[in-house]
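Structures are listed in the sections that come next.
Shared chain: chain A. Partners: chain B in the first complex, chain C in the second.
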Partner chain A sequence: MGLTPLSEWSGQIGELVIGATRTDGGTRSHAVTIGGERDLPYIGIPPSGHIPRVAYELTDDPSLWQSAAIRTIGDRAHDPSDWAAFAEKELQPDLIRLYLSSTRRRGFSDLSQIGKTVEAVLQATKLPLIIEGSNDPALDSSVFRKIGEAAEGERVLLGTAESGRYRSAAAAAMAYGHSLIAQSPIDINLAKQLNILLRETGLPHDRIAIDPYTGALGYGFEYSYSVMERIRYSALKGDTDLAMPLISSAADSLTVKEVREAEGGDADQAAVAWEMYSMLPATLAGASIVCVRHPLSIAGLKSAIASLWNGQKSVGV
Partner chain B sequence: MPTVTFLPSFRKTEVAQGSTILEAAQKAGFHMNVVCGGQGKCGKCTVMVRSGETEFDREKFGNFFSRDEAGEGACLSCQTRVMGDVRVLIPEGSLVQEQQILIDTPGVPVELDPAVWKYALSLLPPTLDDPSPDLSRLLWGIEKKGGPKEGAIYAPLEVIRQIPKVLRESGWKITATVALVPGGYRLINVEKGNTTSHCYGAAVDLGTTTVVVYLRSLIDGSIVGIGSNYNRQISCGEDILSRVNYAKRGGLGKLQSLATESINAALTTASNSAGIDRDDIYEVVVAGNTIMTHILMGIDPAYMIEEPYVPVVRRHLTTAARRVGLAVGENSGLFIFPAVSDFIGGDIIADILASGMTETNDISLLIDIGTNFEVVLGNRDWMFACAGAAGPALEGGEVLFGMRANPGAIEQVSLDLDTLEPSYRTIRNQKPKGLCGSGLIDLLAELLRACVIDRTGRINPMISHERIREGRQVPEFVVAWRDETSIGKEIVITENDIKALIMSKASILAACQTLMNQAGIERSAISRIYFSGAFGNYINKDHAIMIGLIPEVPVDRVITMGNGAIAGANIALLNRKKKRILDEIARKIAYIELNADPSFMDEYTGSCFLPHTDLSLFPGVERMLDQCRIRRVSP
Partner chain C sequence: MPLKPLDIYKLLPKKNCKECGDPTCLTFAMKLSGGKAKPEACPYLDDNAKTILGASTRPPVRRIRIGVGERALTVGEELVQFRHEKSFFHEPGIMIAVTDMMPAESIKKEVIFVRDWVLTRIGTDLRLNGIAVRSVSGSPEQFARAVGAVEEVADLPEVLMADDPLVMEAGLSVCGNYRPLIHAARLLQYREMCRLAKKYGCPLAIKADSLDSLAELSGLCVAEGVDHLVLDLSSPNLHALLNASTAVRQHAISRTTPALGYPVCIDTGLGGLSDASLIAGVTKFGSVLICDDLPGASRKALLVLRQNIYTDPQKPIQITPGLYRVGTPGRDSPVLLTVNFSLTFFTLQGYLEASRVPCFMLIVDTEGLSVLTAVASGKLQETVVRDAIGKYDLANEVSHRTLIIPGYSAPLSGRIEEITGWKVLVGPRDAADIAEFLEKEWKP
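Coming up: the complex of A and B.
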């Protein structure tokens, strides 16, 4: 017994493909398609569109990463390709999101290393990739070009464009055939504005994922939830400038006081709980990709999403 | 007491030691530019101390000046104390300048039906056989001439005292003036001989910044003289809040007398140019914002700016004009337009009256942009109004090279879409000094059309052009090179300026949208958009729509009515029946408090985009911009 959709929506979320297999000119083992929904999340059997996916976030500079996230990773954390290979084999996320955090260090200049890191990670894992560049307008142009170039043909999801700095990221995405994350600060109007700006640079709508910015649970998550919901409603009502899949990452989850101050085994439990209880509701609000940093969050989240998707009781969570 | 000598005029004044230079300048009769009311916040009252002993905290206020300026002794006059004899140079920019003040009034046809009448009477002197009193004779005379019945006219004591002498000295040939006031007919003047042709009234727009006076003949309705003047309260603070704060600090009396002084000065200009005696002005009708009219009447405005923001009166006010200090006929009446709320004042009621929007079933949107903005939506049956602060950007404030509409201000700009070369026109064709509101709106629209800025107002850094460059902090566009200007430097518009302009226009558009949502109407239902206020008259309507300052409607539906407040005051002066409907208009308006409306913030964020985040609200603009983009991509 499932629910019958109550509403007839006129709009549909666009589809976004991440990753290119050999036939598409890339080296990924498979591509991930998200979006395509014609209704609210998890409505109908099967629900419309594609199942929400879980991305695992890692970095090329662990000194800037939360300790809760790397406690169980060990030395692999110092080599993003090792880390990615381990993740694919042991943690089995749907996607890997690589943060080139080193570019965010003061005085960063080693562009060639960026290219090498991206190539090494592409070698180490066959999962589709999300790659995060700098967040400095002065560096954007060269960093995004470097990433774009190194990952050419792999159809990665590039991050992140903001309304104050979107041209370089969009240019790299278009030049090298990638897609782009458009991030705006928890406001439906600002999300839409950025999508319009990107459209006007020539980036097609089916290569944009909206990141409405997600606050951690208890630290503003409900605002993000409500904005995601509103974006989904507008898209289903026919607003094509908002009809892109949503990506959500409550990256602050591992730095909230409750997680930071938990001790020993409780610390992992608290970290996983905080990520799960932010990211599962995010899929209920409409997120197509949810991102986590704690290795132990992945399996539980995938299983919970699958059971909601299939309309069955959850197992093993 | 120390003497302060002001250069370049060498005007001198003496002040107590420890007085500020600003106080000295005001005492010497200079109208200093004091936007913040003398709190050291705006940096507009800069002077150069040439010699002498002063006290000024250079560290605290240093960021107002360049190193060069500091080297020349630049100080804020409001924060500099005179400690001995000093010589001070007042740069031209620190003085309130002659401004393009709007004095046109739309030719609204109005039937002449004033509230003042003059009767030339030739009376029979009393005899032993006919010993009726002087007053009765006079009033019967009026009745015989078709005026009100003898018993219906009230004669105040001060007029009665004059009657016996005037009657006898004139050989019983006199002119009596009767006015209709709230209490009924009133005998307000008795003169020798026939003066019926000397019967005038004054319509006054008492604005926060300017005062405009129209003198009209109440015999034939013609305009006999026009005068305008700065509101001299500017020396106590440029914006309305600083005025109220000044009043709170015990300055109500000074503000009141400055208000009447300003009106009197404009009245004098107008009557001198018309060659008439101010004593022949028998009625004064004033439209002004709520705070201005409260101050003029000497009513404390302090509580209006505090929660829950209530004015003291919401109906029209009448009194004798002389009681508040207006230099007109001794018993002349003063009529003040009613206000709706603290932010919707008599000036807006005058706008509404002048637009005629309450006389039709068609829905109109009226926007008054001045120091603040007010928006009214409605027709004969219903009306919503709201008010807000648009920020000073549209009037040239908070914009690096922004200025008021003074001579030398760039008031029109267009860009060559291929070469990005601007062509501009300045007020009085002087060399450019800066950009005023209409010029800024043109520039914003043209930069958008030329794809120099994106819809959030950011300059596209990928265009390589000599006029587009990285400024001191943010990117900027050069409007005029140094050798074109009269200020010895280039005139640019920066990304921050553009942001401020977008925020200003967004609050106005969001206010319009909020009222439309409240009324449940779409832009297609709007049959007229009226622009009132000095700003609106010079504005390029297409550009106003292009940047999303107002909703998109066919441009011929946009009507710039000029100074609606003075137009409304004129109408009420010429036709007393119109005065009667004013209170009703004021009552009919439902005031929407934008801050209390949860959708306003959403509308505002949506409007912080050129022209609006919901592009379907501006289909015409979108078609045009699409073409511009195509042109840009394939030159």
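Coming up: the complex of A and C.
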């Protein structure tokens, strides 16, 4: 009946749930489920699995953030809970990704502040959360434990595990009922290897999101795009060690020359264009969560994703 | 799938007479399989072999040329669904639309812009490709006038967009000899459109309500003698667009439905989501992308995305290792070391030119890997640096013995000093800071 895409897949992407509502013992207004696809992204009527989601990235240490991202945020940027509340109300992303960037400063020691920040953000927004901790093996254990504990019951997505340092993050995810981002540098075999290492720690496959690392548009994006396609393809062909949903972030976009050197109002447009032109392709390659930092990127990405999903201008949660 | 050499060999006459230009039938079979020879080169093929080989060696997506001259656009000839399987070959053309309601002066301004605008990245000029002229008024005269305004300025590839064959003919009477894409034939008027396509020797876009009727229409046009076709899949509904373009590519390259073996055209101005349609078009199998309005930021991002998606994934864009000069350096000018990944080279070169300090760039062979990647993979090592210094005779080019290395390669500095005997100065990580660095730190 009619010419349609030729689909001959045997595998399926696993589902991952982020956020716990009251009935699940958390305080989120809703949970977000990603993954579940049996075909290429957006293919099928209706498409299989769950619609890709847009996460908005913010930080507890704005001095480490790109100025293009916070220019329009103003003073709220100095209080992550204010910032998160504003984002939920005005920008309406599907998820919030909180970077505890303060842990990446030299001499960081204020663990209790980390716990307080996580609690305050959980108070301020009811959206499901992704939380990024330290990236220093010496700190990981205490930082991830602190985050895990402070967010217990909320089923957050914790980041980020890498092949050289994954035990602390995995332990915190398991102990406190969270999921984990597994990042590897643009290589399908390394992605697979890390998932196998994580399986050996006891973390179930349905609590992992693969981050294959995203180079900025014009600065390596083509490699990231293809590695996402390859991971998705292998998973659909039946490789269960790669059958986890993908997460992709445009974090590097706001530091590229084209964005840095744009001025005034053009700077916002350049930032939004660079995020849009890498994150929408990322969803077409297979990403289930795409992450942006410029507040004005969210609405455009959401409506583009909605139209790709079912032809509508928007899709409810 | 192209036939395997042995399968082709079985079909050949096995005379080994060399008339095809190959020493044996088998080597000819290998060339055919790789698409590097045409079956017609063998004069002794039987009819059966001709039909089988004719079908299997024609590229699964037909090659189409729009326009003439230097800026002519070639699309099609794609072989794969995923770029990592081989590569995507012909970049989609981006055609900026004007309408026949616009005053001639505004049309000309737009055409000049498309002709002249260029974004230079990694040593390559990225450009918009052509002009689409929309018939909005419905008047043949007005359409001809608009096409005339385009023609007055530049010989860019054109898409003539009118559903009424009378209007189309008026446009073609102005520019038909320059091979514009006729857009579009439909089931209702395809005969007249085919007649025009034949008369002017132009490629023809076709449009239908479903893929099945599109495949049918493509067969009808071929029967009329027009086989340079482009499939229009435009839709305000991006889900429908993506599913259709994916189906077309799959049916074409698997040769399941040869009637869909043509490049795809997308009018991105339909659903109010033009950025998203352009993105879907570039990543997912579009070949001719028509767009009304492309603000500066989107334009740059779009062309960079297109460049990214259409680079060959098997080999990074590289430059030849060697000693390069920025300005006219003297014997006491600084020497900056970097890798032979084009993106790295051109980024650094750009900032060096801006710094106005004449200098040498010593480019070492890292097989096209960037600084960090080369360091991480061991492709950038002290021995590579030593060999390059010798090979390019650096010691005779400059009077000093100091090498500036990229900030990201700092861990190598000790070992480079040891093995080369040159003093190493670790530069900034970001090339954007190079001017300030040279000003403060460089003394011969």
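Quick note on the criterion: the second predicted complex is superposed on the first by the 306 of 317 C-alpha atoms of A that agree within 3 Å, B and C clash if a C-alpha of one lies under 4 Å from a C-alpha of the other, contacts with A are read in each partner's own complex, and residues count from 1 in each chain.
Definition applied: contacts are C-beta pairs under 8 Å (C-beta built on N, C-alpha and C of every residue); 3 or more make two chains touch, one makes a residue touch a chain.
Owing to the predicted nature of the structure, the values given are computational and were not obtained by experimental measurement.
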Looking at the combined model built on chain A, do chain B and chain C fit side by side or clash? fit
Kindly classify A:222 by the partners it touches after superposition: chain B alone (first), chain C alone (second), both, or neither? second
If we overlay the two complexes on their shared chain A, which of chain B and chain C does A:276 touch? Say first, second, both or neither. second
Contacts of A:42 with chain B and chain C, given as first, second, both or neither: second
Kindly classify A:110 by the partners it touches after superposition: chain B alone (first), chain C alone (second), both, or neither? neither
What is the contact status of A:136 with respect to chain B (first) and chain C (second): first, second, both, or neither? neither
Of chain C and chain B, partner touching more chain A residues: C
Is A:190 touching the first partner chain B, the second partner chain C, both, or neither of them? first
Could you work out the angle between chain B and chain C as seen from chain A, using CA centres and rounding to the nearest 10 degrees? 70
In the overlaid three-chain picture, find the nearest pair of C-alpha atoms across chain B and chain C and give that distance in Å. 6
Which chain A residues qualify as touching chain C in the complex? 2-6, 40, 42-45, 47, 185, 217-223, 225-226, 229-230, 233, 257-258, 260, 262, 266, 269-270, 272-274, 276-278, 280-281, 284-285, 300, 303-304, 307-311
For the complex, give me every residue of chain A touching chain B. 163-164, 167, 187-190, 192-193, 196-197, 200, 241
Over in the complex, which chain B residues touch chain A? Could you list them? 454-456, 458, 460-462, 602, 605-606, 608-609, 613, 615, 629
Once bound in the complex, which stretches of chain C touch chain A? 82-84, 121, 210-212, 215, 237-240, 242-243, 246-247, 250-251, 254, 256-257, 260, 271, 273, 275-276, 279-280, 282-284, 295-298, 300-302, 304-305, 307-309, 311, 313, 343, 347, 370, 376, 432
